[in-house]
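Presented sequentially are two complexes of subunit A, the first with subunit B as partner and the second with subunit C.
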Partner chain A sequence: MIGRMVRQMAIVLILGMLSLVGAGCWDMRSANEYVIVSSMSVTTGDGANYHVYLQMINALEFASSRATGSTPTYSIDAEGNTMDEAFGRIERKTARKLELSHMMLLILDAKLLATDKGLLFFEFLESMKDIRNDIQLVVSHRVAASEFSKLYFPEIRVSTVKLRRGLDSVEANWGGSPNTNLKQFIAAITSEGRQPVMSSVTMKLPSKQQQSVDAGKSTDSPTELVIDGTAVMRRAKLVGFLNTEETRDLLWIQDRIKDTSLTVQCGEDQYAQIRIGRSTTQLNVDYIDNRPKVKISINVEGAVSENQCESIRLSKISGFEQIRKLTEKAIQSHVEATVAKVQKKYGVDIFGFGEKLMGDHYQTFKIVKSHWDDEFVKAEVAVDVQAAIMRDGMISENLFRDIPGQSE
Partner chain B sequence: MKAGWNECKQESRFTSALPTDPKQTLLQLRELFGNPPDFQSTAIRIGSANGFICILKTMGDPKTMSDKLLVPLMEEASQGNSPLQFPQLEQMRQERLGVLPFVYAATIREAAERMLAGDAILLAEGVDKALCIEIGGIAARSIEEPKSQRVNRGSDDAFTEAMDTNISLLRRRLRNPLLRIEPFTAGEETRTSISLVYLENAAAPSLVSEFRRRLTAIKVRAIYDSGNVEELIGDKGSWFFPTVLDVERPDTVASMLVEGRCAVIVDGSPYVLIGPAVYGNYFISAGDYYFRPILANLIRLLRHTAFLISLFLPAFYLCVINYHSQMIPTTLLYSISGQEQGSPFPVGFMLIAMTLIFEVLREAGTRVPKSIGQAVPLAGAIILGEAAVQAGIVSNIILIVVASTELCGLVTPHYEFSNTVRIIRFGLLLLSSVLGIYGIFLGLVALVIHLASLHSFGVPYLKPFAPFRWRQQRDMLVRFSLKNEDPST
Partner chain C sequence: MKEAKFVVSPVQLFAVIILFDLGSAIVMNVGSSAKQNAWIAIAAATVIGWGLFGFYRMLQTRQPSYDLFELVRLSFGRWLGSFIIAMYVVYFLYVAARVMRDFLELISSAVLENTPIEVLAFSFSMVIAYMIWLGFGVILRTAEFFFPIIMGIILVLFLLILIDRDYQFFYLKPVLGDGLMPVLSAIFPTLITFPFGELIVCLVFMHYTAPASRVGKASSFAIGISGLILAGTAVLETASLGVQMKERANFPFLVTVRDVSFGYFFERMEMAVVFVMLITILVKVSLFLFGALKGIEHLFRVPYRTAAFPIACLAAIFSIKIADTFAEHTLEGLSFVPMFIHIPMQLIIPLALFIILGVKRARHR
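So, the complex of A and B:
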């Protein structure tokens, strides 16, 4: 009895000691000992493999009682043959530890992705424990990646937070950005039936003025952040870009459209606007006669938000029917064109047709998986769109019919 | 040291039968008390005999005595000098004194104890018994509002120091002949009277006998308050958690009695003890039953949440800031980090220091003379907090954490439970400052194990959650609405 109690006590003691050893004060980082990093931009270095720019938070500016109006963020850069070397150099510059877990955005320079160093870089990201795997990856298009971390916008003072929110909003409200976080990217890059994509971002009129806190004093901000579509990759290498319209077709095929708005032409210089509120896509991939057969069925539900067309009268059911047909046609032709463009121009299956084939017909896929991208180029793609236009705006009759002298 | 009353009352001079000569008895009594100034005695005529009446005027009101005793006896008085016999005295008592509570003391010891209880002692020549008539009427605080267990709606009377008043408050609420009151006495020097109260048809006999056993087992020199009794009859093994409920509201006690619990009233204490008391009881206020159930439920939930916040908030804040900064929402981290920039002390030190300062303020608030009122602690809190932030010693957010923790701790309707929180909170704070969130979970595990192993008068402390009792859930975490009972069942 006593022996058992002694043994139990001993176990508790040992566990207690272990817990003291296993975790403890030495992991401690007091809030005034580290500097928060909000984003990282990476490009190729001149003298080393990588050139890393970190956007740091000047936290004092975020405590309302202690803000002095100085810059809320600043950018520090260093080169290094490995990423950790670069981080070490930056830490020596800041004289403080880096808090990497709150990084929101990783901006990759197109230059870096054009070389083979990209792959090594992704290896680093996977193994770095401080970086969250929901960090979003973007490619800087036409401008250097480092530019994004130097901007100041008065409404959201951290430029990369603004960019990240912009990405989220564009994907959710329009479907113009294929937001890819680290986890999804790794899943795509290791997948046999899919090639990875990233959002592509750019900037209109980069200017020195936007790099100063004084940018908040002018109502006319010269520089604009633009989310401009998709960066198409072949594994870790960049092969090209898709614009936002084409990006929407990509998301349509992947069933990632939540909300979007479609402009359809219905006459000479006359357009109708369809607000899509619900969309589901079914993908069917098979391998027949030595080529993949892809069938994409898109079901959308929407409402007419604007109607300039005189020929379409929304007070009649036939008007809705016309709009429905135009919508179906528009979506179908767009999606088909985008798939064809990717097949011809880039030759990589960013849509995930291979993954679908793998899921449905694994034995067939096994035969073609070694050269799937070649098969993808040959694929026969059929798009079928079913639209349901439920409502129109507040008025069913065009206003200009009532304006004297305008009606026919 | 001389022998205490408890030992010397066994001596033969106090236990032998009273002499028939009242003068001698009076002398013995005076000698026993040491002839104090409040020992009043006078010679009177009882019927045809001589006698004495004596009283401790600090324990019984002399005016009441003369109204109730002397006036009726004087009317009866007659000339002559013949010693009385006991039946004559008894007959006179029945005719003249009617329903006045009385008892006959056969020894000096009994007479002395009755005097201490506030009785007038009537000594008649020729009778070897002393007639003790209850007088009472000593100064007592009148019934006032509850001090710590206030409610928005409901009765507003609270127990007082006088046992009789307290029992009367209970009887008024439970007009039921099955309400049992058993007297006990404890404290060798203080001879404090204690009453065990229960409803015979509701309380389990085993529970009542357990209470009896624990009350009779009390062996201490002195008892001044129900707090002493609580310590003696409570279950052993609880580090911080109270296992006996102290209540100053008669309506709460009455409802507990109906539920089958036992109450202990200690003379001289306005707090009545109730057992068994489990974890959930400390979150129930009498007011809950006087509001609509939906509101009462929400408020009860709020209390539980506030209790948990008050327990864990400082520890959680500390470990998140020091070890797990990735858990904080990004924009919040910007702000926290900004406030902590350049602060001279580590967060852990400041948290503990500020909590200690709040504890000092709280203690000062209790000690401060009523004439100065609440001004001192309140001013202290505001001025100290403001100044500390202005001087850059403490960040605003630490002040928010500490203040909200203290506030949340005060939500429990039973004050002693908020003291429990204070102690545990410090332990968790230390654990989290050394071990991070791991330490908090370690502390939480220890706490749950401790709670699960606790008992109050044989009832598991976490009942009805663990062990889970479905039927008892209707009045613990939530309160079901009141319905008319089905007559068919």
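So, the complex of A and C:
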């Protein structure tokens, strides 16, 4: 009887000790030891390889009862030869540990991408468990990357979130930004048949005012964030930029256009606007007569949103026929021009023609893959556009026809 | 020495085999040397594995009431038989430690970074020892209980990966672009020995299965389904990560699931993968440990329950000491072990058993 009680007590004691020892206090984390990082801007350092600016969230400002109107975000920077060294130095300044898993944007300075060691720290990003693969990569165009971590906008108080939403919206609604997250970038940079791209962002009139919470008191914000297209890379090096119109052609070729809107010229200084609601692209790449032969078939479906042209009467079948031809021509010539520009000016296959060739004609691709970009420059590209423009708002006839004395 | 009679029902066998096959194979980078054709390699290896298991079953049906060790002793005699049983004991213990290390690596690199690996190893092996100490039936019932949960999680993860649409099936091309050689070299020796050949440990408890007529069906379906799941994982991993990234990843399934974000609600699903890994490896390690303990029972006449705790401690220590670095662990585990340890223990010795038993039976007549 007593022996049994002793045994039971011993078991309870052992279990208690085990739960104390085995509870895993080593990995205990509590929120107040951490500061949330929203974005990271990297540029070349003076004393070390990298200079890192982190935008951090001032969490107190987001607790509605304890907000005092002070800044919702702040920026802290440090230099380091490895990314983790720089983070360590920043941690010493913040006196808290960095919570990296909410980081949504990585802003790379164009200056950094001109050097050889620009992207060496990507090894850290990929293998670090807290950093997620969906972090978006952007290049700061014409302004320093560090500027982006210091802005304040009253409508979305964390400027990183504003920028990120801007990128998403520009890509989804217009097709003007080739949004690339870490995973997609790594897939492209390691691909034998494609070169990487990133979104490019810039700022109109960078100013000190926008770095203060007082910017929310003025109706005219001095600084504007602009998403201005594509940064074209040759592996880890930046070779140039494409503007938003050219970016749309890039997305068109890659079948990433969801919604967009197209201005076509239909007469002397007269324009019509086409809203594209659906688009699919088929890519065919083959290798004939020592040069790649690329065939791009684009199918779009849309409606006329604005018609200023006298010559086109949308109440007639022929009017839609005219608009359809103009649209097809506009898309075709623009896409062809963009491909030709990338071929001539940059000489890198950002479109993924090589990947397509690899998928469909692997044996041929094996022969040319070592110098694929040279082959890409020689490629013969044919664009074929099929448009279906079906309707034109609530009223088809142009009101200008009914203004007395305006038309014939 | 005879303990309470228990039977392994076909459903239990089915659950155990599936969880056993998925154990660590679903998270580790298996078949990656076949690049975008990893799924083909896995599918082919499943067929071979199915044949291999059929062979083990045939071995068993020669002497239906005998387990692996009794078969070994019967065909190799007392001294050589004991030696081979000792080899199997060490082998099972070694594989248990390897598999446990897979899990420990996952935990300490993805979840509990600062927790000492010793604490993880011992708490894990204590649970297993406790399960074995309660009897073999507990392992089976644990597997049976967790089986629907694990299948549900895997199904949900597959669906979420598909819904998330962050993949390109284009990455699976070209199919067999470099010919059959890379696929064949992935199948042999790695893929047929791990995970399918490891099913040799089932011979330790196969004579408990009843009714015997449904064993073949249950095990065939189990191997087929687990192969399907593994091939499906390989397809999804390749399509969503791309060949190079999958090859570089230590735990490609974890990386794939990590990126899933559905409706801003289903995010950070990697803990579900860790849970799948935990349960499947729990089953796998406990089966291997049970195999080792049964061998010890045959050799030294120590009941397997008595030896459960000390041997589990030994497995925990082995799992830590087996490799100094992660690279050493995976390199040994995926290149050295299959060729020089799995092949003799899974193929050569059973083949010898088969021949000797056949000869003996012929001589009896």
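Definition applied: the second predicted complex is superposed on the first by the 384 of 408 C-alpha atoms of A that agree within 3 Å, B and C clash if a C-alpha of one lies under 4 Å from a C-alpha of the other, contacts with A are read in each partner's own complex, and residues count from 1 in each chain.
Throughout what follows, a contact is a pair of C-beta atoms (placed from the backbone, for glycine too) under 8 Å apart; a residue touches a chain by one contact, two chains touch by 3 or more.
All figures in this text were calculated on a predicted structure; none of them were measured in a lab.
Asks: Superposed on subunit A, are subunit B and subunit C clashing or fitting side by side?
Replies: Fit.
Asks: Look at the residues of subunit A and decide whether subunit B or subunit C touches more of them.
Replies: Partner with more touched residues of subunit A: B.
Asks: Name the contact category of A:31: first (subunit B only), second (subunit C only), both, or neither.
Replies: The first partner, subunit B, only.
Asks: Based on the superposed arrangement, let me know which partner A:362 touches: subunit B (first), subunit C (second), both, or neither?
Replies: It touches subunit C, and subunit B stays clear.
Asks: Touching A:183 in the superposition: subunit B (first), subunit C (second), both, neither?
Replies: In the superposed model, A:183 contacts subunit C only, not subunit B.
Asks: Between the C-alpha centres of subunit B and subunit C, what angle is subtended at subunit A's, in steps of 10°?
Replies: The C-alpha centres give an angle of about 50 degrees at subunit A.
Asks: Quick one: is A:134 in contact with subunit B, with subunit C, with both, or with neither? Answer first, second, both or neither.
Replies: In the superposed model, A:134 contacts subunit C only, not subunit B.
Asks: Applying the document's definition of touch, where does A:70 land relative to subunit B and subunit C: first, second, both, or neither?
Replies: A:70: touches no partner chain.
Asks: On the A-aligned overlay, A:102 touches which partner chain: subunit B = first, subunit C = second, or both, or neither?
Replies: So A:102 only meets subunit B here.
Asks: Quick one: classify A:191 as touching subunit B (first), subunit C (second), both or neither.
Replies: The answer is second: A:191 touches subunit C but not subunit B.
Asks: So after superposition, what is the minimum Cα distance from subunit B to subunit C, given in Å?
Replies: Superposed model gives a least subunit B-subunit C C-alpha distance of 5 Å.
Asks: Is there a shared patch on subunit A that both subunit B and subunit C touch, and which residues make it up?
Replies: Looking at subunit A, the two contact sets intersect at 22, 24, 27, 132.
Asks: Given the complex with subunit A, which residues does subunit C contribute to the contact?
Replies: So the residues of subunit C in touch with subunit A come to 109-116, 119, 123, 166, 170, 173-174, 177, 241-242, 244-245, 248, 255, 258-259, 261.
Asks: If we count contacts the way the header does, which residues on subunit A are in touch with subunit C in the complex?
Replies: Touching subunit C: residues 18, 21-22, 24, 26-27, 126, 129, 132-134, 183, 186-187, 190-191, 355, 358-360, 362-363, 366 of subunit A.
Asks: Using the touch definition from the top, list the residues of subunit A that touch subunit B in their complex.
Replies: Touching subunit B from subunit A are residues 19-20, 22-25, 27-32, 34, 36, 38, 57, 59-63, 65-67, 99, 101-102, 104, 132, 158, 161.
Asks: Spell out the residues on subunit B that touch subunit A in their complex, using ranges where they run on.
Replies: 321-323, 325-326, 330-331, 333-343, 346-347, 389, 395-396, 434-436, 438, 442
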